[in-house]
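Look for chain A in each of the two complexes below; its partner is chain B in the first and chain C in the second.
Presenting the complex of A and B:
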């Protein structure tokens, strides 16, 4: 590739979230100084003032994210496909990066809205929260457009470091500390392994950009293969694929739920997109061997994720194992590796965003009195007390299980079709079989919610921001269950076509 | 007189293995952090070493990919340690221990 124009405008989406992070940091300092001036302010006033500042910060970060998404889509509509970097491309702006940026932006936006009432409920309403969230989003924007090992590594670290801090954001809670500790230690080891793999790949091929690696890779060789194995292991850690999934349940359970929702959707999207770009650009000729390796990871993830989820008593922990299982389903698409499979994977990530945010939003709506209500017993009899909440929860769980009539079914359907076409019959059988197992644990919650008596009686109400998120997620799941390929309102946009265009990034 | 690339890479691999073993077997948090640093620096050594192999392009121009990468890694490693020590401090405030085995509330 030739050295192209060094166009700073290409970085607009990244700039908006990064500046947004700095602005929210400064805003908090300025606003809280104004609110807390004077000695004799009583704690109650302080709490109200904090909540108000939190709302301002949430609006500021929403604005930054929306601007970033708008900039990304606007640039793409203008045909602004460019490679950004000094001398050679570091970041590639194309349909895939635009799609992923929009998806990650949406995930971040919904997570911000989830946090508005959740943070005060847990008494952890500090301004750094939004700044860290935005910085991590910026890292993911880098990650999804990275076409060079250097930008990949920097993006990955910029994504991860703020999330380590966010996982431990509930500083006074031991479980949150522990989640942050485990995530940090395992994450740091994983990124060091990834880095060593990159060093070996560079040594074997003499290039750090993906296309250069693909040219240098032709001979194969032990050095290149071991580098490749380490890189795939490092990326598999980030998307919690078995056997690199051990951190997932602990971190999902211990981290504040809004953080769990954020990283469950956005990190997974970013990780899978960058893995996809790396495999397609850097290893076009390694098809057979890599596909077997990815297939093994997919099978293990589906089996272990679904089986371990069955025995969990904590909803967040159960959802963590379900996330491992879903990573396995997505890896089936990677093992297939055809353009249809990439389309199916991107569509799956899109649908997965709504299901996951929705399900964690219900857990958040239950939180009150400074603690989370996240064990399965806490859901007992929810239907009699808050019927609407129980109904949407059931919808999200059915969608995660992949029952017809929900978007989750369509996502799985396209994935299965693509995998069958690519001849991955064994993996499809595992996918269908383990999905059956998953009905058991997904349907356990509706049973508890509808058939048991309410034991505790928390008088919490669903806040308006949570209602917006829940309604949006539920509407999306119902809409894309029937109109994934259709366009009933004449908007000219079909979800599957958009995903297909994004998957077509090679041309 | 120049050092053969095999020596550099052997040293780097040795350092990396020491780092991995340390991170997996030691129980003291500070020592684990140091082991992670060792792994990152092993990678840096490999990057800089390999840069000597790939020091010119086909057209004869100088290339510094590995060295630039190593510089980036040094910056990131500093940030990583800062976050790690922050997490460590919040842990010590809540529980007077640096032993990772004490962090065992979350399991299965």
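Presenting the complex of A and C:
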């Protein structure tokens, strides 16, 4: 129906964050004008004024994200299902996209809260930060509902471009500049690969929309297959799957930690969701071959990610390789490719959000004096000085390692069950084996925190916004460790059922 | 082989050759930029053969014109006296260019021959009325692709804000 194709309410989440980005951008200009009238303002007053503006902008962007999340959750509960795009469908609004939108919104919201005190601590408190973050979020909203190669590509660029700039946001730090440049150049190559793949797919099938591609694929052949491989490679770059992961450690380490947390959770969610939709819609027939290809990527990511993480001395680098390993675990679900596996993948992404944001929040809570405290030695004896911080850090690390009693274990458990049911025994063995390896590097930090003497003395306080994020993440990890499938408080919402409804987008 | 097919392969060869030349053969970085112009113009030629005349015109105006001029401005601002490429770098670049170009070409040829692309006429035989004209393109942009156009607007905004924050002279 023509009227429904213009259903603007469908785009409410996207609209809220896009407008939010414009508003924060203008708000910064207006507020700075009032704060810095005249040239004779001394640096101290300037700094205070900047901090105030930062708080206002953080509130404005939180409001935009919360509205977007509210709209997405509302759409999810309504069972919203509509294809948006005048004339031809560009975006598909359904349970999967609204679920992913809410998830990405949550990741963005927590990242904004992480930034409130972190940006002033690093003296990079510029208003553009929040606008870029919101624009990137808008790009991810497009990405998770894309059903056409054109909207997929535009969503990906809108996601990536602000993050390139955000990675280099700490201009005084050489590593940050290096991270931005590296990420930009390699991202540009990945975009070129993706576009080449899209061109081949279009040439072979004559369609740019996913369902059209699946129809044209019947006569497939080498051209369509190589196009498919290139598209998968381009998307694999974004979610840092081996062998497209080389940028990950440098960018994770160099970027400001709040940006690292943002891209670690949201880009991963968006990338995996769009890959899921693309594989399911465009290639319903291609089961076997694609599953082998994805299985190889999964195995390599788990092995290389976990083994490389062992030898890292910097916490952010270690977490980067751990992110590669987790991408590998998620790819196991992709290789399985059953509805249960999609449910497990979505639940995993949900849990992964809390663990990762939590871990990076601890790194942020340690930052002070314009410097990060992110080498493993900086954590020595933390437990004696800031026991609560050391305790939650231990919880997040145990959850990342997947130890029973944490949500990370449940997430891995469902993934393993789905993979075993789909007959991916070899991948499950690699998953379990490399998880054993991962205990070594995840548990190294608690050992250092609890068993060693304090060497340095960061006297920074954990700010209230950081406490909120840490408490939320820790509570979520403990809650979903026991109540992934249960509903103890009678809210009528079971996490796994929600993920299952989102994964049911096929029908 | 018809005359159009001959033109197609000539333009295609020229485009690939000057793209490889740009990173491999040329002695001066300005010559590399000029080599890029040749690639752009050859692509425009292919567009004309495919009856996408408006795209061809835009290709020449925007890419061969505006963007390469921008490159040249940047090159001249950098003031590279030795052409920016020492003899050693040139040798390395040649190896890289031949390596990359060779791999891509051979890979494409293998895929193309396996999938039987060579038996397909790359030039479209029958086209809808008014194809490739500004009117058809405009209608497509304002109807089917209206959302995409809006998104491009956001992408441009993001890149401008990003570029300003990274390149602004003074930060406090």
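As a convention for this text, the second predicted complex is superposed on the first by the 500 of 507 C-alpha atoms of A that agree within 3 Å, B and C clash if a C-alpha of one lies under 4 Å from a C-alpha of the other, contacts with A are read in each partner's own complex, and residues count from 1 in each chain.
The working rule: a contact is a pair of C-beta atoms (placed from the backbone, for glycine too) under 8 Å apart; a residue touches a chain by one contact, two chains touch by 3 or more.
These numbers come from a predicted model, not from an experiment.
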- Message: Just to be sure I read the superposition right, which of the two partners does A:136 touch: chain B = first, chain C = second, or both, or neither?
- Response: second
- Considering only the touch criterion stated at the top, classify A:494 as touching first (chain B), second (chain C), both, or neither. neither
- Message: Touch test for A:226: chain B only (first), chain C only (second), both, or neither?
- Response: second
- Message: Per the contact definition in the header, classify A:202: touching chain B only (first), chain C only (second), both, or neither.
- Response: first
- State whether A:171 touches chain B only (first), chain C only (second), both chains, or neither. both
- Query: A:180 contacts which: chain B (first), chain C (second), both, neither?
  - Reply: both
- Message: One more residue to check, A:150. First (chain B), second (chain C), both or neither?
- Response: both
- Message: Quick one: is A:161 in contact with chain B, with chain C, with both, or with neither? Answer first, second, both or neither.
- Response: both
- Message: Output the chain A positions appearing in both contact lists, the one against chain B and the one against chain C.
- Response: 150, 154, 157, 161, 164-165, 168, 171-172, 180
- Note on the structure: Contacts from chain A onto chain C in the complex sit at residues 18, 21, 25, 43, 46, 84-88, 90-91, 126, 128, 131-132, 135-136, 138-139, 142, 150-151, 154-155, 157-158, 161-162, 164-166, 168-169, 171-172, 180, 204, 221-224, 226
- Report the residues of chain A in contact with chain B in the complex, numbered from low to high. 149-150, 153-154, 157, 161, 164-165, 168, 171-172, 174-175, 177-182, 184-185, 188-189, 191-193, 195-196, 198-200, 202-203, 206-208, 249-250, 253-254, 311-312
- Listed in rising order, the residues of chain B that touch chain A in the complex are 9, 12, 16, 19-20, 23-24, 29, 32, 36, 39-40, 42-44, 46-47, 49-50, 53-54, 65-66, 68-69, 72-73, 76, 79-80, 83-84, 86-88, 90-91, 93-95, 100, 103-108
- Listed in rising order, the residues of chain C that touch chain A in the complex are 111-112, 114-117, 143-148, 151-152, 154-155, 157-159, 161-166, 171-172
